[in-house]
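Per-chain numbering from 1; labels A, B, C and D assigned in written order.
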Amino acid sequence: MWKCAKFYALRGFYFFDRNPELFNIILDFYRNNEVHIPSGTCGSLVEKELEFWKIPFEGIAECCRSRFLNFENELETIKKIKHAFDMHNTTELGVVEAKQSWFNWIWLFLEEPLTSTPAKVYNIIYILVVVLSAIMAFLFTCEEMREQYIDIDTLINVTTAAGFNVYTDRNNPKDVLHATTILPICRYTLDRCFLVFFTLEYFIRLIVCPSKIEFLKNWLNIMDLILNVSMWTRFCLELNMTLVMNSYTAAWIFGMSYCMISLRLIRIFRIYKQYLELRVLLLSLKTSFKELLLSLVTFIVISALFANFIYYAEFQEPSTFPSSFSGLLWSVVTMTTVGYGDVYPKSTPGKIVGCICAICGLLILAMPIAIIATNFSNYYQKMKDISKFKKKVNSSPKQNRISGNAVGNKAFNNC
Amino acid sequence: MWKCAKFYALRGFYFFDRNPELFNIILDFYRNNEVHIPSGTCGSLVEKELEFWKIPFEGIAECCRSRFLNFENELETIKKIKHAFDMHNTTELGVVEAKQSWFNWIWLFLEEPLTSTPAKVYNIIYILVVVLSAIMAFLFTCEEMREQYIDIDTLINVTTAAGFNVYTDRNNPKDVLHATTILPICRYTLDRCFLVFFTLEYFIRLIVCPSKIEFLKNWLNIMDLILNVSMWTRFCLELNMTLVMNSYTAAWIFGMSYCMISLRLIRIFRIYKQYLELRVLLLSLKTSFKELLLSLVTFIVISALFANFIYYAEFQEPSTFPSSFSGLLWSVVTMTTVGYGDVYPKSTPGKIVGCICAICGLLILAMPIAIIATNFSNYYQKMKDISKFKKKVNSSPKQNRISGNAVGNKAFNNC
Amino acid sequence: MWKCAKFYALRGFYFFDRNPELFNIILDFYRNNEVHIPSGTCGSLVEKELEFWKIPFEGIAECCRSRFLNFENELETIKKIKHAFDMHNTTELGVVEAKQSWFNWIWLFLEEPLTSTPAKVYNIIYILVVVLSAIMAFLFTCEEMREQYIDIDTLINVTTAAGFNVYTDRNNPKDVLHATTILPICRYTLDRCFLVFFTLEYFIRLIVCPSKIEFLKNWLNIMDLILNVSMWTRFCLELNMTLVMNSYTAAWIFGMSYCMISLRLIRIFRIYKQYLELRVLLLSLKTSFKELLLSLVTFIVISALFANFIYYAEFQEPSTFPSSFSGLLWSVVTMTTVGYGDVYPKSTPGKIVGCICAICGLLILAMPIAIIATNFSNYYQKMKDISKFKKKVNSSPKQNRISGNAVGNKAFNNC
Amino acid sequence: MWKCAKFYALRGFYFFDRNPELFNIILDFYRNNEVHIPSGTCGSLVEKELEFWKIPFEGIAECCRSRFLNFENELETIKKIKHAFDMHNTTELGVVEAKQSWFNWIWLFLEEPLTSTPAKVYNIIYILVVVLSAIMAFLFTCEEMREQYIDIDTLINVTTAAGFNVYTDRNNPKDVLHATTILPICRYTLDRCFLVFFTLEYFIRLIVCPSKIEFLKNWLNIMDLILNVSMWTRFCLELNMTLVMNSYTAAWIFGMSYCMISLRLIRIFRIYKQYLELRVLLLSLKTSFKELLLSLVTFIVISALFANFIYYAEFQEPSTFPSSFSGLLWSVVTMTTVGYGDVYPKSTPGKIVGCICAICGLLILAMPIAIIATNFSNYYQKMKDISKFKKKVNSSPKQNRISGNAVGNKAFNNC
């Protein structure tokens, strides 16, 4: 330690080339045996100082430890945000290696809307196609958009006569609708076009992506894969309806493949690539994941508790809560303050349980919401600061941009 | 740089006339090659120091960058608030040019209630008239406030006999009410007076306003224009009911002109001109606009997703969710925790989707609400600080009010 | 200014007996013509410094003005809290003047539970009596708690025969209940006791209170007065039921006097006198009153707007929203996310308006709630700090308790 | 005081070995008779300084008192968190005394999942058993999971013939279900196993616990005891059904013992021992307990007030709110914005009361929720800081780990 200090023999004192204000803190440590950090001082400076004077971290007083860690939390947040926004940079690194290749250009064009104007335009077109295909998925289920080709009685007679195993449920209007109507030909064709477009786009991206493993691990791509597989399954089964009508398994697969259409909407999250604000939203959800999960567990346990309570509280009431399970939806709906009103307590003990349940729900949900909201505000502010700082740096006069070291050396050389 | 420093040859040192505490920061930069800013120090001072010592902004350590930008965020907020409250000042500039003209006086009288007491009184009267006209618009639709002049059977016979195209829907009590009753004469006259008053007021403001383009771009004035046009359209069509009864287009326009009456209420927002608190409320909504829009997109995408999920989850249930569209209102109503209970899941998979939907809604809505609430608190506090500071300055003794420079010079001259 | 400085002629410098760190700020003002305040420095010190150096407040840079005012906001908050908790102190001042008098002792006994243990005990008894009387008011309305003395047919026959003007509505079970049943004699007597107790208590407090005007202006006492008057009115009218049955005015007054029983519950707020936490709750509501009122206006205007929109959006739907007024409850219920489900939009345009309404409501309500929550947290923390500080001062060794000045003088004299 | 200072006779000044920056504050006290604390400075340093200079705490200016107490609040929070997480440490102390004994090992194994890997595994198994037993409790109430052994008519005939006192209510399907069906034998056996397991586990823990009193006072153990007793009661009564059918008391106890099954779920809170995040959640609920209770009182008083108001407001409406009590659930359901819609105001005055009630509820609930959310964020951040600091200390090089004093001495000795 003392080697760092210059000893000015004549004048009779050691000279430590350290920040005098921080030395105050160090001196206080020797006075009180505790390091107290002024809240203004950046923790990283203190850390360097402690290391220089070989003071262990335990020397920091308990009341100042959070303060000391502040800068690390800040750096961590910044790192997380930069990581979330840095897809470009990592791919730009790839650019250096394979700038000449077409693959990389296509990859950036398809995946990174912020890298070039055509990519941005393509992304908007892509999103419009997704919105259109999602609207199509909605229209599939509307009676007005479908054309009847057979009436229900004929259908049932035919299927019965043919000895098929899977029948249409005459009492379920939704089932009847799907069985007796078909899409008009134009919409059918459009849906096939989407099928081809999405499959092609997926395979092109798979081919040109820099890292196949990263690509296949990304949950958006997994969704894409599931969606494509389900669309092709549906396509194949539609060519072979007899199979669907004979085998329950095939019918179930056919139903599931219809259900998967919903996933089309998830593609719209591609819009998140274009807006930093939305990336922050995702990031803050991801960061709070563990806390959310644990809050969810608490929420479920407590709602299960109330489900059970309400069952026994309403036991004397014949018309409500036939089993504990029916109390489960009620307690979730009450605790989230949705309150549909399809089931509600009718007896006095049940009403009391209901009131307690509603208040408990508000209090328990306040906590995860507080975490989410705090994290989001925090990340959002930091994100804005980072981009503002970048702008400020870019707008400052260029001749000034000599690295700190250079400035330092020049300055000292001038002395 | 060194030119700024005075060299005291005899004593052998350079004298930089800079803040010694900030110099500590600069020295640290030469020690560690990083600028760490104590949180207490105002960023603008640091900025000046960095410029003086020609240290680029990149030299600021990552953990201290937000801290450094703090002062800019603050200045930005203050600028926004001042801009939102500064209508006077910009128009006062107009005052200088045309103080003699009547136009400006009328403009201030009509538009800026805070400039004079008569203007304030006029504004209150104006708001009362608006409230009265809005109440009138409500009363239009009440059965008790209207007088029957014909019964529905006669009306249908007459219109059928006359060969009109547009018939009254006998099963819709609201349609019947509007067709068979008229307003009593006194209320009818009052409504005409409002029509004249609002039109006159609009044209006077248009004539006297300092900048026609600004005036026509203001959304409140656009609303006023739409409202006036629709009121006159209605007036003209009422004089010529035969046209309305023969042409579907005319009937539709007539209906729309009725609907536009709702816009009367928007005029009440003139009250915002009188209360700074309400201007802050508007300002914080405007500032958070982009974030709100993106949150809204997320919200819509996720509610569309759940609308689709619930449709397939409830497919086996005949009585609920006839199409995906009907699931859309349900998912919005669930995610905002309104929960009317007109539609709700009945099957077990549907109930599970419902529970997840309610919890997702709470979490997603927590984020835009956090932004709005934070912005509002922030702006509100600043607004109060600005007006408090103004009061403080005004209440301090007048003789002290010499500009800083003068004080400085005098002080140094005295030395 | 220079008179304050001592001129050390020999050494050749002026000596200003001022804080050296703050002098840095002052010097910066002469360098940059702006005062920047380090966030750590207490604003009141800066104020003194500015006054000493005769620098006007305008010299404070815009980015540091909020920071400068911080200490004033803090002092204001503390003053408000102390004022809210200081009833004692003001009455203690009264104690000095009239310590011998019984009046003051009774006043403190009745009104200030925190001044002595018997007062605390009395307050708890008082609250129990109030709770009992409130429960009685609830029981009044229960069928099981009343005794029938006449059946409804006889009653109507009798009243018709007697030629009374006010009849019981046979179709309204609540009206029938009140007309055909009476309270059992024990409960009736108990209610009379409460009447006497509350009236006596009110007059005793009125007689012994230090300031009659303050007493009569207090809203809790106004409520008490209304309650007592209504209780006596009811008592008088019950002795003379024939009058009630003949005059509509008397019947209406009788009804109102029943309704006023609800106010009994307000007396429970006396519990607020015993818990500082609850006083803070009231205080923060009172402080945010103006903001709440303006938010309420915004809320009402926007819900009226949506009430009108929904009426026209649902015009084609025969069964919903017969008039704009019926839309008003719907829009309030939707915007607060209560969502009873008694009325809800059924047509597609109505559903869209409904969704927008729900989201608008959440956003608009987020703002007043943010104010309330922030104010409450703030006041609550301060309240806890104040009482903690008091404890700390009281627990510190007594011999140290010499006033600052004395210490200062002693210290300097020792020099 | 002056004894602490060294008097350097020759040079003519006193030397106080104190922090020079804090001395500034002290000097200011002698100038202004008030201590102003820079926000950056840690309060504990200031406290020491004030004690050294014998300045009473009252000398601290009012605007700086909260700031001064900051460090105490921080220390308190840290202490609370450490206490909540320190079960280990207190039991580790026990380890020292009785390390050889089996008891302690078993205690740590059963109670502290974070102390060893087998304990963690056991805890997970335990939780799985609890979840299974809780699911069993749910399944008890499902019709599908039970086997009918008698039909309802036979049952009633038999019980009537046998002259039993307790009959099954034929109109209550839940009662009929429980009376006419039994559990299948396998599930019955499983339930008996749980009974044995939980009883054994309870007694083992009771035997090995270090402090019996602490153990019996813990509310989780009280719940366990209640649960075990109720399970054994049920077991005994099931062996003797004739008693249940003859005595109303026995039937009631039997019913209660069923109801207590719900408490099984509470055992899942053992999961809280494994996750620090969940302990923080509990801690923040516990810390805010007093405030929550008082908010709850306010909430109940105001909902009772609205219950009464709505009764009188809806008096003319025959179909709603038959008594004030029925208004109580309505007002709680409205104020928490649940809004089932089973009861809602129908008359105009009732609707107005309803709107006010909803808005009041939102405002009143905002305050306790703000406390909970703030406390939780605060504790959560601190908890993360504490564990981060621990990691940082552990990861710093070991040779540095000499205690502060030693370092200090060494350093000074070297001088």
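By definition in this document, a contact is a pair of C-beta atoms (placed from the backbone, for glycine too) under 8 Å apart; a residue touches a chain by one contact, two chains touch by 3 or more.
All of these numbers come straight from a predicted model, not from anything done at the bench.
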Which of these pairs, A-C, B-D or B-C, matches A-B in more than half of the residue pairs in contact?
-> B-C
Nearest 5 degrees is plenty: how much rotation brings the CA atoms of subunit B onto those of subunit C?
-> 90
Same or different contact residues where subunit D meets its copy subunit A, judged by the half mark = different
Per the centroid of Cα atoms for each chain, what is the distance between subunit C and subunit D, given in Å?
-> 30
Distance from the mean Cα position of subunit D to that of subunit B, given in whole angstrom | 42
Which residue numbers or ranges of subunit D touch two or more of the other chains?
-> 21, 38-41, 337-341, 369, 374
Can you name the residues of subunit A that touch subunit B in the complex?
-> 17-21, 38-45, 48, 71, 74-75, 78, 134, 137-138, 140-143, 169, 171-175, 255, 258-259, 261-262, 265-266, 268-269, 271, 275, 277-278, 281, 284-285, 292, 296, 299, 328-329, 332-333, 336-342, 365, 368-369, 372-374, 376-377, 380-382, 385-386, 388-389, 392-393, 396, 400-405, 407-408, 411-412, 414
Per the touch rule above, subunit A residues touching subunit D in the complex are 1-2, 21, 24, 27-34, 36-41, 53-59, 61-66, 68-69, 72-73, 290-291, 294-295, 297-298, 301, 304-305, 307-309, 311-312, 315-318, 321-325, 334, 337-341, 344-345, 351, 354-355, 358-359, 361-363, 366-367, 369-371, 374
Residue numbers on subunit A that touch subunit C, as the complex places them | 38-40, 337-341
